[in-house]
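Two complexes, one shared chain (chain A), two partners (chain B, chain C).
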Partner chain A sequence: MTRSISVAYAVARKDLTSEWRTRELVPALGQFVVLALVIANFGFQIDSRNATVIAPGVLWLALVFAGLVAFGRAFAAEREQASLEAMLLTPAPPAAIFAGKAIAAALLLIVCEMVLLPAMTLFFGTPLNPALIVAVLLATVGMAAVGCLFAAIVARVRSREVLLPLLTLPLWIPFIVAGGQAVQVAMGASGNYNQAVALLIDFDILFLVLTSLAARFVLDD
Partner chain B sequence: MSAIVAHELTQRYGSEVALDSVDLALDQGEHLAVLGDNGAGKTTLLRILATAARPTSGRLEIFGLDAVRERKALRARIGFVAHAPGLYPALSAVENLEFFCALHDVDRKRVPETLDLVGLTDVARRPAGRLSRGEQQRLAIGRAVLHGPRLLVLDEPDASLDSGGPDLLANVMRDRTVVLATHDHALANRLCQRTIVLRNGRSLGAGTRLRVVR
Partner chain C sequence: MTRYTRLAGLAVLLMLAAGALIFFYAPEDYLQKEPQRIFYLHVSAAIAAFACFAVVLGGSAVYLRTESARADRLARAAALVGVVLTTVTLVMGMLYAKPIWGTFWTWDARLTSTLVLWIIYAGYLLLRRLAEPGQQTARFAAVVGIFGFVDVPIVYFSVTWWRGHHPGPVIVSNALPPEMLFTFMVTMACTLFLAAVMVAIRYRIETLMDEAPSPASAHLVGAAAREPEPAR
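Let's turn to the complex of A and B:
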């Protein structure tokens, strides 16, 4: 267990250090989410009356597309550098390598969320409160696990940019449904926040277990 | 004791046969050169020996272990230098090796001595992406020997190396079992006691280099 944690830490640290030095992904994703909000602001004519209804949808659309790019890059970069094989030919547990990459990709998406959520408050006047942050973070965990698993699978094929959304989006729907409900309540709409968050936690546990079991088969050959 | 015993190793990709019933036996400490034209099957053979690929059929034992079923256990004993260096361009030479220390669960103290072995001490803090192609190849060789493997599998390691390359290879190959693919017959003669020649995935013959020359 300690060995798996140290491997996951080393992999996540390596990915985050590489991103910090190259700044390939986060600035582009930050600009993307802000542009998505600007377009939504003009496209939907959002004001204080309809913000709590429309804003959660805009938030999840921006997050889904930013997530597809972030998780897709997690393994595509390794394949392009031919470094994934070198990593997998060590005795390190494949599930720990997968966990490290998923943690790094999730943290990069969280950095985007740190731009997205205040920008939503700025553009739409929606509240920025702990309940909203918790809901988004819980959804990010599960989305990262599923997204990275499929990113690892499609990284081997040429049409990965097309395949990744086709495989990932259907399995992200539970997070978007439960997360959407939690975010709507956190923004002031009526509904049961605790139930939605409990559902998000259930989905997180389910997909974390499933993806960690599947990761060794995906990465091992 | 035999280091490698391969019996009728075959690799197919669809209808294409990349490696066709190759037999191989190598004692511990022996150095074997794999020669052949492009597409002869050298890389396929080496990837199977490095446990990076599973053969379609045939049997392979490395240090007495089944290389397909027990490849996890074998990976700590094998070092592989592939065609592409496979480095992290944003990380320095030191950081690249330290990362692989963590994956191999070996002490980071090995990093300075490994950099010294491959002649990269002076550029240790330079990002791998800014090293020359030859320096990147040296770093890839350093990564392959970082964990002290008993078997070294080298796929054209002389590519991009400068005139000091053969001496570097001789140093890292010392006291290890080595399988080395190359197009350079002179290098193969200098570094290896035995040779196997592949053509269209088939072995044309294996033996001492004198026998192959004949």
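Let's turn to the complex of A and C:
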């Protein structure tokens, strides 16, 4: 168990170090989410009256597509260097390697959220409060687990760019249903915030358990 | 006439008999009139689709455990039939929704989750089509098949968890008059039989396709046999 944790930590640190040295993904993702806000502005004619109604939808759209890019990259780099096979040759448990990669990808997405949420407050004047941050972070946990699992699957399949969103998005919908409701309430709509967050935690637990059971079969060869 | 043709013929006859019950035996609904008759096939198709996806779940789990090619084939066959039945459910539901609710589609929890179910398993079929056939793809598809099943209980309980337009469970709550219940039970049994026959036929097709050399590799083998590699 402690070995699994140290393997996961080492893999996550490796991914984050490599991202820190190349700075290849995070700046692009940051720009991407800001661009998404610009497009939303023109698509919706956002002003101070309708901002809190439209902003939750814009937030999830930007986040979901940024997440697809982040999780897709997590395994794309390994594939290009054929380094995943090398990692799997070591006696480290595959589930721990997978956990490390998922944690690193989730942290990159969180960095991207640290750009997105303040940018929304700045441009649309929507509130930025702990309730909003908690909901987004809880959704990120489950989305990272599912997203990385499917990224690992499609990394070895033809037409992966097409398949990743197709397989991942339907399974992210539970998080968007619950997270969407929580974010709407956090931005001032009426509704039950606690129920939505409880549902988010349920989905997180369910998908973390399923992913940890399935990771072995996805990475094994 | 093979076993499969006979079974398929029987399934068609049974479905026609169920249709006769639906249109001539079951009483007309007092409030909803004729469109209510859609209910019998709509719910039966949904239950048969759930059953197919349960078979996908079972086949996928067995495959991950034993790498049995049969379990994988069964999962493939059931996924295809399940997607077809989910399509039937969605289309019948839309035909019912138009006269009753005044619109083909509304973002009710059950409608949305059923649409998501369709997308998940259509993605499963697409993965099977796009990925190179082999053990790895079978393993990946099994993982997708198992994850996809998470949506089935969500669809089932969606009417109780989120109150929307879609009617609640009328069968388990015993809200049907006996003639309607009988018609529904017969239709459901016939639909389940039809689904089983379709899965069996599809399973046979998958077996034949697994055994036949793939067209791509047959071409390569043929080409290599005909023209020897040029000397370098």
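Some observations on this one:
In this section, the second predicted complex is superposed on the first by the 221 of 221 C-alpha atoms of A that agree within 3 Å, B and C clash if a C-alpha of one lies under 4 Å from a C-alpha of the other, contacts with A are read in each partner's own complex, and residues count from 1 in each chain.
One rule holds for everything that comes next: a contact is a pair of C-beta atoms (placed from the backbone, for glycine too) under 8 Å apart; a residue touches a chain by one contact, two chains touch by 3 or more.
Because the structure is predicted, anything quoted here is derived from the model rather than measured.
When the two complexes are overlaid on their common chain A, residue A:206 makes contact with chain C while staying clear of chain B. With both structures placed on the common chain, the touch criterion links A:171 to chain C but leaves chain B unconnected.
In the superposition on chain A, A:87 makes contact with chain B only, not with chain C. Contacts of A:218 after superposition: chain C is touched, whereas chain B is not reached.
According to the touch criterion, the shared surface of chain A, contacted by chain B in one complex and chain C in the other, consists of residues 221. For chain B in complex with chain A, the residues that touch the partner chain are 50-52, 54, 72-73, 75-76, 78, 80, 82-91, 95, 99-100, 102-105, 127, 143, 147.
Of all the residues in chain C, the ones that touch chain A in their complex are 64, 116, 119-120, 123, 126-127, 130-132, 136-137, 139-140, 142-144, 146-148, 150-151, 154. Residues 3, 6-7, 9-10, 14, 17-18, 21-22, 81-87, 89-92, 97, 221 of chain A touch chain B in their complex.
Residue ranges of chain A in contact with chain C, taken from their complex: 146, 149-150, 153, 156-159, 162-163, 166-167, 169-171, 173-174, 206-207, 210, 214, 217-218, 220-221.
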